[in-house]
Structures are given as structure tokens and as C-alpha cells.
Amino acid sequence: MRSQAPLRACGALLDYKTVKFALTRNRRVGLLHRLLQLGVLGYVLGWVLLARKGYQDTDRAPRAAVVTKMKGAAVAEAVGKGRRLWDAADYARPPQGENVLFLVTNFIATAQQSQGTCPEVSDLCWPQPSPGGGIKTGKCVMFNTTHSTCEIYGWCPVENNTVPRKPLLAEAENFTLFIKNTVHFTKFNFSKCNALQTNDPTYFKSCTYDPFFNRSCPVFRVRDMVEAAGETFGDLALLGGSIGVRIEWDCDLDHPAAQCQPQYSFSLQDRRYNFRTASYYWDSQRRLYRNLLKLYGIRFDISVHGQAGKFSIIPAAVSFGTGIAFFGAATVVCDLVLLYLDAKADFYWKEKFEEAKPPKGKTEAAA
Amino acid sequence: MRSQAPLRACGALLDYKTVKFALTRNRRVGLLHRLLQLGVLGYVLGWVLLARKGYQDTDRAPRAAVVTKMKGAAVAEAVGKGRRLWDAADYARPPQGENVLFLVTNFIATAQQSQGTCPEVSDLCWPQPSPGGGIKTGKCVMFNTTHSTCEIYGWCPVENNTVPRKPLLAEAENFTLFIKNTVHFTKFNFSKCNALQTNDPTYFKSCTYDPFFNRSCPVFRVRDMVEAAGETFGDLALLGGSIGVRIEWDCDLDHPAAQCQPQYSFSLQDRRYNFRTASYYWDSQRRLYRNLLKLYGIRFDISVHGQAGKFSIIPAAVSFGTGIAFFGAATVVCDLVLLYLDAKADFYWKEKFEEAKPPKGKTEAAA
Amino acid sequence: MRSQAPLRACGALLDYKTVKFALTRNRRVGLLHRLLQLGVLGYVLGWVLLARKGYQDTDRAPRAAVVTKMKGAAVAEAVGKGRRLWDAADYARPPQGENVLFLVTNFIATAQQSQGTCPEVSDLCWPQPSPGGGIKTGKCVMFNTTHSTCEIYGWCPVENNTVPRKPLLAEAENFTLFIKNTVHFTKFNFSKCNALQTNDPTYFKSCTYDPFFNRSCPVFRVRDMVEAAGETFGDLALLGGSIGVRIEWDCDLDHPAAQCQPQYSFSLQDRRYNFRTASYYWDSQRRLYRNLLKLYGIRFDISVHGQAGKFSIIPAAVSFGTGIAFFGAATVVCDLVLLYLDAKADFYWKEKFEEAKPPKGKTEAAA
């Protein structure tokens, strides 16, 4: 007989076989079935298609370019050093506006350091040299009349580690940070910039960002950013800190491009942020000197995330198809009710599972 | 009766139940059914498996390392400052080749600035100080014979904001940028470098990149990159600009590793790019001076994206299974035709839905 | 008749139609069916739910903040320049601890360069100027008694390209790198820092990282990192190199947050790493000089990857539903066996596919 099977299969290639159903006028189960189907339908339409936009193809890896520029000037009154004006070239590190930049708000200046030996400034001798210190000579020398510390070989005199009571660049709160961010979604070849496309060179000199009224001018006041991160500028400026700026793009390219606007969010990443930098020079005897600056300040860490979605037939079909699959689950539930919980379970069982008894050599196990 | 259901279920554990079909010799619907099935098959094989490589496991977050190095030297003729040669140590900022680097092509030098008061250089008084300026004293002083501007306290003399007509480092177009990029796909523990693995130290000194003939030498001429971004070097060099370099890896690890080569694409991110940087020194009276440089130039922003795919049984099974699900959709369509549009719809309806009438207590609603 | 179809459809809205099965007491196929079902069940539970945690919603794009700080001091004995101490302000580039930082381990210093003409230091004349060199004047001049090289116009004297035999900052192996990394999973609003939250300011000054005993102190000894990358510090320090530090977060937020700890992995990205940097000064005649430093050293490239998962009903339903779909595949296989390979295939065929012959105008093709 096995030999006939293939033949039959070929011959009946164009027969259409449709599943046989047992139709039951069981109102209760019928109602349950419809309800479940409604639920699934709601899920597929409501969640998969509308909420999750399952009909869209998405690009989650945009090409992002960030260019930043600090603006503003402040006068700092360093004790014994007179007043000095700081402008962008002085307080912005690194100068070339990248996506991580640093604004000096406080500093400890140690002028005219040269190589030699001198007492370390510290209450106890660390197991490892502090960054400001050098190599211990082993001797312990008088630091001042009251107590003595370890002598070190290194840059002398050693930087004194008393931070000014109030931030020297307190006015920095009024500085502005211009964040120009362009994203490009390669999959859809769609580009957008967070700044207004204008030919007026003075526009970005005068405007400042406002979440409600002026979203196309990404010029942020430093204090606003600090407060958006839940801090007060005064506290952060003293010992420095790190603030994360997140630019979030979520563009639905089925809508007009003008609606594709970034969201800005600010968060405190870290309190206490500082580092040291030195500038070197040589005196007439070609002896090396350096001016050491311990800079406290606010570090801005700008990250760009984005996604864009656009209708596409493939994802639409896929998420629709997967949604359909759930209709099967509905019937499974109803069958369980019908076959195990219903009063006439036995009868329905027989109707659903029609026994097929082979003609000759019937199996011993009968119903 | 409910009590018997479980028993029966246990006993019949090894019964095999197969769905009953109503076989119809309806050629039209049969043909439609086959066609739909072919369509689904084509989709599963053609799209899911071949085009999308649904049978592969993919790693989309490669570990990328980028090291860059600028090479070349150019002579700049600054007015009144004589000719000066710029080499990599002069024009590359920051010096340690990172994935964002800057090439000076033009500059405004302001020598020997010191703190004091002087007239601001500008046609009108901004609401906020321009980065080059300082704190307004409130006075308005004669700037030159023709007109007067605000007096400021800050670094004097103030930088004059007239950009040279032609880029001072016009020769920079022949500089080369060496981009060494290594990617590591952790999921497959596969590493690849975009540069030829050679022991000849002079190789990368002499070769330049060619998309067709020399793809293993990632040494790019600056002008080539600018032109690949659709700009002309001359325009960009004058006021600066920002160019995005995107390195795209798309590796099919089922093929030999040699075929896994990156694609380089260049795009203009921004016109007009400049920043200020200063170097400080002290004169014999320990008075602070600085030399301010306003640097215009081209900023290269290198980003690496990549994905690698390799055959894996799980994703293969999943995408195959989801594909299968669509066969169900085909039969649904055919059933609709058969039961509603066919001439013998009534008959097929009865055959498909075999009424199951409970023996006693029959429901009032009869066919 | 077509007119009646809709009516009937409406009237029978609450009929429940359940699929009719042909029940066969075929033990072999029955057994096969159960086994396949077990396999699918194992796959769904074991792989989809447990291994892949298919019931979780995941966030793969954490907000990551990295702040680094180098500590330590070393004495370098430059030939003819006497001993000099290097501290963090000297050897860390850039000073503001970012996620890519550089530690000087060796250098070639060229003091008092000024613009002029001098013989190039090289055995042959490159087609393009070497970064240390300048513009060729075209002349060839005696470099020393033995042989002559091209004359160049540029910074003179030219840097001599003989690297010190032993790294000048060999002690740098004992320096420590403090990596403070905070991740924030926006989707779950969950933040975690890799460093112990302590109020003791001296804690991070004294502790060092240990993968087993002290994972909450991310202070890494340089040598440990180099060795973890499979290198020896001595080799790398001489000509420099690049080391990738990868911080991997994999947090299951269904478990207590304390278990969410990062994994640190180190890998060698590149051998030979160096760059040049210069500091400028002016002599009494306002003539420009620079001190050129060719810095060899270790570049640390820190990247953060992470994902967090948390139970969510939607993904649970989806991955469960897709898993269910495979049960269908099981029956397909069994049907093939039953209808083509079984001894009583013909009989089962007839039972499964019950022919539906239209009453009048019967089709010619009969079984």
C-alpha cells in the first residue's frame, strides 16, 4: 500500500482539504470563545500595532555628531593673585568642543614648582604617594611649627590641599553651552539637526533653550542644566561634579519631519570631580618649572540615543502573523472547558474525537 | 461524568489524535491554496532565510578600537609673522590619535594678551559677552577713528575677528590620516583589523587607500575624504567643518574571514568649525601673558559600527517556525472563499461544521 | 444561496466550533507524538524561558558614565637631562580622566626646536615627509661623517629617532588606575556604581581591585591590567601599546540589586603606540621655540556594555506563544508517519480526509 501513497498524493495535488469542525450550540463556551478572541484582537491591534508600532521598520543606530561650545566670561578673585578674567579659552577643557567637556568652577593654583625635596602636605603618610606628592626620601621633616610630615622628592613646593571656601568662578552659572547635534538614520537616509536652520549668525548668540517655547535653540544655561539634574550650582561648583546630558531622538517618519524633535534630559553622574594639569616653562638657566593647576569643575557628558520608525511591509506582516498565532490559544482554552468542565463533556469528547477503528486486526483496547 | 474525564485522559495518553479534514475536489480553491502556499514558501526561503539570514546568530556590539595618526607638514604664511612650518605636533588636536581628531587649516593668532581693559571688537554690544571678549566695564570707548565700542575688562588686546581670505594651511589637503581600527566580536571570539598585517614598517608610510585596488591600507588623503563627503577642500578649510567617518563591518562568519572587509563612508556633519586655545607664559615681572589661537579646521569624527553573523541552530529554528505559521493564514483565506464565495458554499459549510447535538435536553435552537 | 451565508454567520455568532479529530489507537505514532511534544516543552521551558530569560523585558542601552584617575609617581633618568619625577599631571594625557586615557612609559625629548633648515634624520628619503620632518628643500647635506640625508625646512634640530633601550618610566607598572563607572538603565530607572558607596575618603586611596575578594574597589594596578591582557609590562612599556578595558554589566533585576556586579575584561588592542606633543615658548627676541616630546606609552580604552532584564508580561506572553507554535510542527511530523509510513496508511487517510461530494453535478474525479 505504501507504494500507492505517493501516487495518490500527486493526483490529489489540487484537492483542497479543509479542517472539519464539530459545531456545538453551546452558548457558554461560545461566549467565552468570542471574549477570548476579542482579547487577542485587542492585544494585536492595541499593543502590537499601535503602542509598539509593530508595522514599522526601525533604525536604532543613528549616526550622531555632537559639537559643543561654551560661552561666557567670569572674573575670579584668587587670594594673593589678584583678580583675573577667565574666558572660554581658559576654562573649557578640552578646547575643541567634544561630547565630553569640562567647565572650570574652582581651582588650586601652585606656581613655580621645580624638582627638589620638600615636606609633603598631609596629616599621615599614605602607603602610596598621593598624586600631588612624589617619591618619599624616607626622612621625616618639620612641615611647620606644629607637626612634621614625610619628606618627598618631587615637584616642590607641594600643592596645598585646602579648597577655597567658595567657588572662584561662581559666575560660571550664567555661562551657556551650545550643543549642536545632528543625527542621521542611514536605513531611511534621514537627517535632522537639533538646532534651527538659520542664516542669521547672531541667532544662537542671543537665544537660550526653553523646553516649551524655544526648543530649536539648544543653548543651555549652566545653572539650568545643573538644576535640571536636581542639584544646586553652588554645591556642585565648589568640589566639582559630573552631569550627564542625554539627547533622545524618537522619530516616527510616517509623520512630518518637523515633529521629530529631541528630548533633553540631565542627570547627576557623580559628585566631586577634579583633575590636575600643568604648564611648563624654563627659566634663564634652562631650569624646568611648571605651574600646577588643580581644577574643580563640572563635567558634561553628552550622549545621543535615537530611533526612527517607518512603515514597512515585512515587519507589519511578521508582527501581524505572530499576533494571529494567539487566536489558537483561545480555542485551546475553550476546548479544555468543553471537554472537561462541561456537563456534556463525554458527548462532546466523542463528537470531537471520532474513533477510527482499522477494519481488520482491530486493537484490543476499545472504548 | 466530570469524574471520568481525567481517568479517560490518563488511559488514552498514547492515543494519537489527528485533525479530521473534509476533502473537497474543488479545483479552484485547491489551486488558490497551492499558490498561497508557494507564496509563503517563497517568503520563508527567499526573505527570512536568504535575504535576512534568519538562520544566523548575530553579534551587533563589537569591541572597537580606533587609533589614528596624522601625517604631513605644511608651511603657513601668516601676515606679519613670516612663514612657519606646521607638523603633526602643531596641527593635530588632541595629539594622541583618538576617534575624534582635529586638523588645523586656518587660524587667527593673537599674541601677548594680558589682563586689562580695552575696546571690544564688534559692531554692536551683545547682550552676552562674546567668547573672545570679557566683562563690560559699562564705558563706551573709541575703537578707531570711525566708530566706538564697549570697553571690556579681560584679555587685551582683543582678538580681531577677520578671518584670512585664504586658508593658511592650504597644503593640508595632501596630509594623510592613518585610521587603524580593530573590531572584536566577543560572541564568536573573532577579531579583525582593517589594516594589512605586515612586518614591513615602511608599508604604511608609502601606501594610500584605494576603494578598489588597495583596501588593506587605511591611509586616507585629507582631500579625498573631504571630496567623498561631497565638499571641496578649499571651501571647508577656510572656516572649518566637521566630517563624519563611518567604518561599517558586516561579516558573514560562515564565509572565510578574508571576505570580512570594512566599508568606509564619509559625510559632512557641519560647516563652520572652530575653537580657541591658549598657551600661557610669564614675563620677567611674573606677569601672566597668553598667546590666543582661534583655530579653524576640519574635525574628523570616526565611528565604528558592525555586525557579524554565524549559523546557529536556535535562530534557524525560530525564524523557520515563525515562517511556517504563515501557512495557516493561507488556509484561512481559502476557507473564506469556500464557505462564502463558492457556489456550493452551503454544502461545504455543513460538511466542515458537522453539528453535534447533545442526546438529551437538546437546546431549543435547532438548525 | 450566497445571500443566506451572512445571515447564518450572524445567527451562529455564539455557536462554538471545535476542530474534529480522528482518534486512532495507534500506539507507535501516539508515542512518537508524545516524545516530540516533550521535546518542544523542554525547548520552551528550558531554552526560551530559563536560558534566554524570554519572560523578561530587557534594556540594552544603559546610560554609562566613566571617570578615571591615574595615581602614582616615578623618577625617570633621561640621558643628559638628569633625573626627573613624573606625577599624574605629567604623564596622564588628557588630564581630565575620560574613558580613553594615556599613560606615558617612555619618551624622546627634543628641546629648543626652532624654525630653520637642517639635515633630516633618516636612512632614506621618504616619498612623503615623516611626521617629525618638514619640507624638503631639495638639497642633500652631510648628516654626519658617514652619510648624508635630505635637507629640510622645519623644526630644527630634527628629533632623533632612537628609542631608549629600556622604558624611562619603568616604575609606572605600579601606578594605579581608578575607574569609576555608573550605569543607569532608563527603562527600569535603575542605577548602579561599580565602586563601593563609602564616606571614607581614604578608602580608594589604599585599596586595590581583586576579582575574588575586593570587587567593590575598582582601583587597578597597571601591571595587573597589562598581564590580564596577556602581555608583560616591560615589552609594552618600551614602544607603547593599546589596551582595551571592557566593563560588562549583566543585571537580572528580579534578583537583589547587590548581585548586579560588573565584569572587567582586558585585551590587547594594539602594539606600538606613540604620538608627539609640543610645548611652545618665546625667547627674549620673541622668537618661537618648542620642546617636542615623542611619547610612548600605554593607552587604556574603556568601554562599557550592559543589559538589564526584568519580568514583564508582554515578552513573557510573546516568547511563550512562539514556543507553543512548535507543538504544531510535532503533529505535522506524526501525520506524515501515519499517512505515508504506517501499514494502514490508506485507512487513516480516508478517516482523516472525509470526502465531501457535492450533491448534484458531482465532479468526474472519484476516489
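Order of writing sets the chain letters: A, B and C. Residues in each chain are counted from 1.
Methods note: a contact is a pair of C-beta atoms (placed from the backbone, for glycine too) under 8 Å apart; a residue touches a chain by one contact, two chains touch by 3 or more.
Fair warning: this is a prediction, and the values are worked out from it, not measured in the lab.
Rounded to the nearest 5, the angle that brings the Cα atoms of chain B onto chain C is 120°.
Shared residue numbers account for under half of those found at the interface formed by chain A and chain C, and the copies are therefore classed as meeting with different residues.
Mean C-alpha positions place chain A and chain C at a centre distance of 16 Å. The set of chain C residues that touch two or more partner chains comprises 17, 19-25, 94, 279, 281, 322, 325, 348, 351-354. On chain B, the positions that touch chain A within their shared complex are 1-2, 4-6, 8-9, 17, 19-27, 29-31, 33-34, 47, 93-94, 100, 102, 115, 126-135, 153-155, 242, 244, 246, 267, 269-270, 273, 275-282, 288, 290, 292, 295, 299, 301, 303, 305, 322, 325-326, 328-329, 331, 334-335, 338, 348, 351-359, 363, 365. Interface residues of chain C, counted against chain A in their complex, comprise 12-25, 61, 63, 65, 67, 69-75, 84-85, 87-90, 94-98, 176, 180, 182, 184, 202, 205-206, 279, 281, 291, 314, 317-318, 321-322, 324-325, 339-341, 343-349, 351-354.
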